[in-house]
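A, B, C and D label the chains in the order they appear, each numbered from 1.
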Amino acid sequence: MELGVGLIGTGYMGKCHALAWNAVGPVFGTKIRPRLVHLADATDTLAKDHAAAFGFEKATHNWRDLIADPDVAIVSITTPNQFHAEMAVAALEAGKHVWCEKPMAPAFKDAMRMRDAANASGKVAALGYNYIQNPAIRHIKRLLDDGTIGDVYAIRLEMDEDFLADPALLFGHKNQSASGYGALDDFGVHPLSLIATLFGNLEAVMADLSKPYAARIDADGRPQAVETHDCANVLIRLKSGISGTIQLSRTAWGRKGRIALQIFASKGTVTYDQERMNEFQIYIAEGPAADQGFRTILTGPVHPPYDRFIPAPGHGLGFNELKIIEANEILNAIDGRPAHLIDFAAGLEIERAVHAMAHSHKEGHWVSV
Amino acid sequence: MELGVGLIGTGYMGKCHALAWNAVGPVFGTKIRPRLVHLADATDTLAKDHAAAFGFEKATHNWRDLIADPDVAIVSITTPNQFHAEMAVAALEAGKHVWCEKPMAPAFKDAMRMRDAANASGKVAALGYNYIQNPAIRHIKRLLDDGTIGDVYAIRLEMDEDFLADPALLFGHKNQSASGYGALDDFGVHPLSLIATLFGNLEAVMADLSKPYAARIDADGRPQAVETHDCANVLIRLKSGISGTIQLSRTAWGRKGRIALQIFASKGTVTYDQERMNEFQIYIAEGPAADQGFRTILTGPVHPPYDRFIPAPGHGLGFNELKIIEANEILNAIDGRPAHLIDFAAGLEIERAVHAMAHSHKEGHWVSV
Amino acid sequence: MELGVGLIGTGYMGKCHALAWNAVGPVFGTKIRPRLVHLADATDTLAKDHAAAFGFEKATHNWRDLIADPDVAIVSITTPNQFHAEMAVAALEAGKHVWCEKPMAPAFKDAMRMRDAANASGKVAALGYNYIQNPAIRHIKRLLDDGTIGDVYAIRLEMDEDFLADPALLFGHKNQSASGYGALDDFGVHPLSLIATLFGNLEAVMADLSKPYAARIDADGRPQAVETHDCANVLIRLKSGISGTIQLSRTAWGRKGRIALQIFASKGTVTYDQERMNEFQIYIAEGPAADQGFRTILTGPVHPPYDRFIPAPGHGLGFNELKIIEANEILNAIDGRPAHLIDFAAGLEIERAVHAMAHSHKEGHWVSV
Amino acid sequence: MELGVGLIGTGYMGKCHALAWNAVGPVFGTKIRPRLVHLADATDTLAKDHAAAFGFEKATHNWRDLIADPDVAIVSITTPNQFHAEMAVAALEAGKHVWCEKPMAPAFKDAMRMRDAANASGKVAALGYNYIQNPAIRHIKRLLDDGTIGDVYAIRLEMDEDFLADPALLFGHKNQSASGYGALDDFGVHPLSLIATLFGNLEAVMADLSKPYAARIDADGRPQAVETHDCANVLIRLKSGISGTIQLSRTAWGRKGRIALQIFASKGTVTYDQERMNEFQIYIAEGPAADQGFRTILTGPVHPPYDRFIPAPGHGLGFNELKIIEANEILNAIDGRPAHLIDFAAGLEIERAVHAMAHSHKEGHWVSV
């Protein structure tokens, strides 16, 4: 059974969605087979070129045409954040399933609109939180659920990259408050998606945001005050009683895709770093003391759905392949089966936490989520 | 421009080829677009099921039908090694391009037949040595070529997995001499493909093969003498004057996909391990002594063709994506452009080295390659 | 020139001081030679046994006798924290140099008394913050001072061990508020000593303390409420404008002596972990992008005073050897030369920060230091 | 009970011995207390200066005076290798215990003379193979002995440093055949000491020696042919049936003190690297497959005799502290207790293996040891 896919946006994540829709069938042997039907980009030329490159049948400069296309059953939205709400709501109202990149929207009320539209539509409405799809993260979830490491009491999460680390970079969109708070919404949502998946909801937060570089030179050589915060340190408390921290930086020289996770529990410890996404570490306090240590476990076929890609362990999946797993979960959801996804309702809680963090920074004290 | 692909064999590597042919177009935006036309498997039912799962149009239990199919321009051969020669020669003689999994053939004379058929055909005839396609390995090649680490004088290569490590495993095909020498041809060809790519040809070898477990129980509970050697240690000398070692094991508990490479040169050292395929290490003897150390470099868009997959560094490619790169090189070769591949002629030199190693083990002294 | 040493306390740190005083002469070829004169322990028998084992000439159960001994010029104080103030003040008033283990005293006013006594005495009064003596840390300080990594804007420090990780451990002294706040004073002072050495003073703090286990069984099998906080997460702001975090745990399974440091600056990043105390990592944003990565640097003779121990690099110093370096710094100070130490005045600022952190936890908002 | 120590030689290892003799008493609380009595160096001035620095009572330029000194019961020999035999034999004949640095002597017949003198004397005659004293190595020995990892079938050892890596270094003693074979005797003896301790005797060897730099410039600017081999690759077979390799380099840029050990056995794998001497890795094939991985174990008090230095785990010993453990073993041997040492008889087997390796290189085939 085929289902038509429409893709709006052709940047980093646009290509990533296209590759995932193209690959999910043969990788998972899915019953539903996505067909790459319609692609929308800023101009007709861009749209045509990308449609040809990615293998879509039709191209348009007008995303509303794509949404109106009766051959399209699923819409992938990978445009800049400020367009998500309008497009997602329109697609849902047109009766399409929606796969929208994170975060939902700069303004909380727009995110709420998206959630409401999803509820009203009865369609699948999922967000692109692909890190939760990693077989390593899924196995960590099993370790938590089956009690292997006991009761979790503390967590620490760090997300760091260095694309804004160079002080000589020109003043740009990400330095303007129009783009959001800074690291908090740009990055914070990823650790929050892991927390939502592994540990449940937040109760209270207390954030400290900072600006490594107060000003940057613009294209005309004039200094402009930076309006966003590239770094954030956050104290968190979860409803479950877990204490923790989230630390974020878009200016951390040398970090390229670090999402480091430390989980402390009554029987052991688990650590993970996205930069080495095919492994994780467990320490379990059992057996002879002289032989206890952190185990580095390479993911393999015993960590599903790794097995759908490669039958041999330790050979490694890539970032893009997490998106293929996500696409398969969306097909599961469309097919009415249980799906491991962050839908618009769960995503709204992530956005709520982000806004609470920003608020706590301004207030200088704890804020309930 | 479309080109029809036929796939013979649907195991580990069969699926890997199917995924690569399916993905190479959108990933690389190739001019030539492979079309998945024909799939051959042991029975019609198996062939049909796999064709449906992988997205091939036709299915057959008879691989000769596939080769005879005028819609097929490229044949992927992923069957057990003993079938490679017959299929590859037939395909080349039928005027098809051939992408054949490694190694070429258990018997050297069959490998020669393949090479001769390739030469006679004028078609692209490439072997599935995908580890050479890793952006990390390609960058290491640039470091060697541009003199960054000076003159290489020594190398060490290790390839280890543990799929035969359990002494309780039943006596099987890989324990019988019909399967070949053991680790030497099963694994040795991969390090040899890296040596061929990075350092050139071997001059002489001296191997010591060993059997961790002299016997295994068969399905009837009777002990059977193991005929193959699961481990091999090899001294090597290259024509360029480089000295080195190759060390192989199919019984190395805990190693899942280790291909460890150490390169020692007059200005620095480079190391790499396939189990962490998205990074490599360089030590360069320059700058203040107090600040010198091994640099761990995460691959990114500055290490092509990583950029064709992901525009952000440190996000990681997977093993299967090396095969997509390889598929693109095959399209390059078909299109008459320079291609980074090990063709049947280069592959024959790898097989020659394997046989020389086996010979040196028997003789107990150095053997010229 | 000989100088008599008295040692009060013979536990973990007592032996460590004894070994350091014994070794510092031959390691550094010091002008002043410490002579192990007098040892005080709880009973005469204990004192005599330890004096014999460690090589001290005299033994006493009465530490005041030791302080009154005219042969003693330097007093090492390694008793439990609550005795530090009385002993240190007495020793200083008796005209002795004092080397006191950290922290100064549970009560801030006692720490102030110690600082005042030190000021009044004119003698050397140093605290046992030996982690700052690591050649790796000293080199990191040079990297900060000479501008190699640019301007620091953010730091993260973690200190974790697991000696209280087992929930089955009986209720004991460290679980009672008489022992202090918990991780905050037990551990927090170490990261604070690194901050004082590398980055200067704190301006404001905001802490969140937590108890992984609310109660523990006592020796009679009755549950007792745990009064101290084994974990602490702290947001910090420094006078220099640096933002950061300190994260502490005495219950982190698998962590044995982790003091992890991340330093983010405008030209690069530095990381360090005490569990691998003979190495550190630097990332510097210079040279070809494709060759940039974190360098792991093994300490060696180019990182003084490593050279006083071993002339070959990468051979490794031990924890106890940091104490030998510290002893040498004390001899430097006694000799009137510049010394790399945390004296009672600097130590008081560390204690001030700890109390401010505890206060901020209670208040739920930022507190100035 | 005191025992007088004489030290001949004051270089790298001379200081190391002095520090060990000075520290062993307080660290181990030994019954026998070494007294630093007599030091011999090339001139009286040098001897006096070093005696003062290291804390020896007497000084001489004539090592025979030291050996004749009735206050001296133990002689540490740390002079260049060519002097070992004469000094050790003289000391043993004078009824002294001898602690001699490795290797025994450049010529095998001199090493035999040393062994014979040791046998004739009835005194303790030990070699300075301190790497076997590491608590990590001792624990690995226990893991082998108690069957935790099953039957060992393969080993790989590498020893690499970079003190001769720079091709611009002037032609010197280590480049002349008078210094020995090169890496083989300079380094090879260390891996061989580990093999002797952990796995028993060698049966046959096959070596390939190489010269990274065929010539070096001497102090007069003239090129001189390098006579020694800075690199060696050796195939080994042990009497126990284990197969393996030893790989050595004195020109491996970036390696500072690497002695890497891989042990493959029927139930698991153990790895170790001297550059991180406070940890080792074990993989044991038990428990859920999805949770199996290499465990990194930090040494601690549960790995004796670490506990004699520090009561807390993961705090780390240093290279010099291995020598203190070795000194304690010598005191054990003198005291008639079991001692973990390589004596002159065991050391002779190591030298025998080195000469067999050199011979096998010349012959180009396997040589029995």
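Here is the rule we go by: a contact is a pair of C-beta atoms (placed from the backbone, for glycine too) under 8 Å apart; a residue touches a chain by one contact, two chains touch by 3 or more.
Here the structure is a predicted model, which is why all the values come from computation and not from measurement.
The most distant chain from subunit D is A, comparing centres defined as mean Cα coordinates. Subunit A and subunit D have centres, each the mean of its CA atoms, that are 53 Å apart. With centres set at the average Cα position, the gap from subunit A to subunit C is 41 Å. With centres defined as mean CA coordinates, subunit B is found 34 Å away from subunit A. In subunit A, the residues that touch at least two other chains are 255, 279, 292-294, 298.
Chain contacts in this assembly form a complete graph, since each chain touches every other chain. Contact residues on subunit B toward subunit D in their complex (touch as defined above): 150, 153-154, 156, 158, 162, 165-167, 206, 208, 210, 212-213, 231, 233, 235, 237, 243-245, 247, 249, 251-255, 264-269, 283-285, 292-294, 364-366. The part of subunit A that touches subunit B in the complex is made up of residues 12, 15-16, 18-19, 22-23, 25-27, 29, 33, 53-55, 161, 163, 255-258, 275-279, 298, 300, 309-321. Interface residues of subunit A, counted against subunit D in their complex, comprise 139, 143, 148, 279, 281-282, 289-298, 302-303.
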